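Labels A, B, C and D are assigned to the chains in the order they are written; within every chain, residues are numbered from 1.
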């Protein structure tokens, strides 16, 4: 098949290009910018690490894109696909959208959390949320989940779906590396600031919060809110979501373990860590989500630790997993089945 | 005055030596090992960074130590002062003990959490817990608080002392750099392991938990337990305790802020951060504890973020603060009143 | 084919396992320790990142290894294959040896630099030095080059082979990350030591020096020595060799560039960087060696900068390249042709 | 005394403020911007780490500055003091200028390397280059040396002054952390770029090269050029200059050592490292320059390794040392005499 990437120069697009360029079912990759007025550029000029890839990044042209490709990936900043999605939706053309624009069903929520104009509600209704372990999308427009949302939802799913916890007690303390915030130059991404440092940011204001709630409520409508703290740590890749909740009466560690095993026993990309705790390095450069859990008998608190590589399972890796679902390929095709370590 | 350091070669001892060697009230520093059979060594041979300090580290000799010094600092591993404390206690000799041996009042608790033989209960009863912002010790044997305990207790004090939270709802997600685990060579301190990594360890099993509970219960006997998660992050110095709790009815952000201001308004080493959130780099190499807080109206959860330099406010800095209290000097004497940044 | 790895638990063995487990021509991977008395262990118990790989690591058994495999990789510490190589050499069995034991032709040199007993001279004579861009080995025993040697030799080859420099003027200032020194716990690999730090070590004493000289002298017998400084920098993966030399009369930047282009114009794994300078991150997780160069007209000095991922091109990647040569496969088979970035 | 800092918000200015605020001879510190039209700002709003320091940064006003202060520090970007120096020079007012504007005596050299308009030659003639170990300035306008220049000159001084090396053979491979490049947001200072990375930059084009040559030529007019490579390494603070040169006939390691001892035997801020090699962490947060050296008998090459904290000995620390010289105070006053370690 031929695949288009719109927005290859951002971190997610870059990793997506790496994956697709080694994907057995992808014959050609075509690159486009998201603006039709942009001059053609070359990949090797934009990403020095790809200095041997003199491939043109063409201006945006929806007709050409649909004509020349079998699937389109958007790895664009917030606000872009809200404006560009319609023709693909109208044509039922396969799209995998790594941006946040088409994830929330309620346009008002999008406007509130993203501070941008939302796509129309009818378009949002057609997009399908592609949390790959739970929603197998076979056609159409996939809204690929956010990185924090993926780590958090995979950790919470067994607790919520099996009704093991008080739905009012969820607290997520999520740590993220710097690539999660993108390539943009900001004070907090300056090495001299964030090296040897750690700082919370966007506490209870991160745009992945409504995305998490929307999915949790599909699983259990009684979940109304969660505390969601995001903290930068000085690593390039990786997210760790430390998830706390109060168990319902009768829930013990055995039931907890059973829930995780039932939920993920046959899933290829979720690994249940029973000796020690997951670490972000152990999923680095892979599409794995590693999960660990415990119930503290003294404080009656459940801790679930969920780790992913934010650019893989949290972005490009899950996008390829969704591609495989959509084209009815083996779910693991083109994805490394072993982490890069050390 | 003359000051003795027992255990100068560990990280806490090293930083303590740095501070005391620039302390206006300390005339001479004498160094000793904690074993009487050890051969004399030299500081410059043990710590390459101090290559211009050819100072002898003498074998342990309690008589000589008390004869030649006005105060003794122990920066020794767990298990040492449990055996060595008695003569100092008997003589009412000024001691500041940076180890955990004399912090817990109940010998059984010590044995349970430290897996070592405790000091006798009567000795433990005499030692005074030196959480410097709350307990001003004027004489005798100071048990200098642990690093996690300091960050956590300073963050929780206003909530507990003012009875603002449900005492059953405390969850602490604490992140620590590598110097907290000491100089010992372990798999988890190998650069190739922990760089670009983060991993929980000793979850609900850290030896600072009973120390925290003991102090909280002095403030409010109804606190029975807390969830305490410790996570390594790839920095050398620094602790961030992210503290969660449920507010009691009627508690709002205004009352929360008032509690912090009443508690710390006049304290020199606690800074209340009202714009943005504290970061560990902003207290690096200083004796400050920076505190930030918020109450999320959606999830009805309080978050307090408390950051310290684990080797300063979490060890040697607080020890000097206790020295100043004990000798009735200005609390800030010999302590840098400005962080080292960047 | 079936491939054996002896020594999978070290860093090179680990990365080799990652590569072979995704290599299209490798059907089965068998794992062995290098001691026949060792109890069987399991890969998932040894490497937590491979927690889903319950594969036995069998005790060493040369007959079984040769019977069950088509090729053997040794990723063992210095001193092991010097003792184990003989039966493979006798049988002309395909071996790719990532250790340094069979690289030097002179047993005395090995003893001098490695401080261990060398293999006999006749065995050393049979092993072939597998610097993959220059020596295509089709059968037998390959001594896979060292990481520093690979970076340095690829950078120096055009200068030496084309006789562009004064052979007495070579100075190599090589920087290495921590994985180069292996998993062993040492003071210098402790995070609190090497983070925010950099320090030379083994200056002019590194065991890759004779390996470099041996190859340089094959290209130009007039090279007698080189200054070789090795400096640790706080990264996990990566080597940068900054190579200095004085140009012979008549050599200008044009001739320099022509030499690099002639030498590497058609090589898949060497990229000539003409805009800016190579960086170690841009070859990370790839088998690329990126080269940049300049001739300073003021100081009449040539600088060549050569960067590799020490665990890939400097170890396991080049080993797979040698495997492909030996079995007459496409040189790039099973090797990622794009760096992992960021 | 009262001291003015112009440009406190840059890294050098920030560290200078830290030092002066603890300097026993400095009574008041006044802060000014370098533009007279700037609105007053507050230090605590500019530097979050100084959140408890609500001190006004006043607009630039040369009369007021000279009237209210006994000494002025400029920690301003290139191009500022070239325009502002004149009134201070005319009044013979004590100035310590941390910028590069007044270091070079030849205006054309400044224009060539800094790409900015130089100060007039007569002003440049009056400014005195404050390499504190060699030039004790007692009054007037001090041009405080650059960070690379300080590390390189202190390492080369014994070789050049004692005529131990071939003056045409000098090669400096200098590594620098990120704070050396300042606070400005650039691609190369983004954490996701430079973490786990290293890259040369400005090779033979760094503006400290003419400053180094100018001083070397004062010591030995036969030095005409040097190869000067600058490489970013992922640390915040620190410079390591690895200096190579060919010994003149008759020079052996003994003579080399004697030269270093004669040169620096009595200097408080230069430490001669005889066991192992200097490391940048061992001078971190101190005003020390640590030096190590060796002569390789095989390649007949001298290596000198010189390390400093670029913000201390390479900027603010040396500035305070110059202050002490100028006011005839003890050279070490207000400077930490022990590194911060770990």
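In the analysis below, a contact is a pair of C-beta atoms (placed from the backbone, for glycine too) under 8 Å apart; a residue touches a chain by one contact, two chains touch by 3 or more.
Model, not experiment: these values are computed from the prediction.
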| item | value |
| --- | --- |
| Chain pair with more C-beta contacts, A-C versus B-C | A-C |
| Chain whose mean Cα position lies farthest from chain D | A |
| Chain C-chain D separation of Cα centroids, rounded to whole Å | 39 |
| Between chain B and chain C, centroid-to-centroid distance (C-alpha), Å | 46 |
| Inter-centroid spacing, chain C versus chain A (mean Cα positions, whole Å) | 36 |
| Where chain B touches two or more other chains, by residue | 11, 177, 179, 192, 195-196, 234-237, 276, 279, 281, 342 |
| Touch list for chain C against partner chain B, complex | 11, 177-179, 183, 185-187, 189-192, 194-196, 234-236 |
| Chain A contact footprint on chain B (complex, rising order) | 168, 170-171, 173, 175, 177, 192-193, 196-201, 203-204, 224-229, 231, 233-238, 240, 242, 244, 276-281, 284, 292, 294, 296, 298-301, 303, 305, 342 |
| Chain A-facing residues of chain C, complex | 11, 14-15, 17-18, 21-22, 47-53, 179, 195-196, 236-237, 271, 273, 275-276, 279, 281-283, 285, 290, 311, 336-342 |
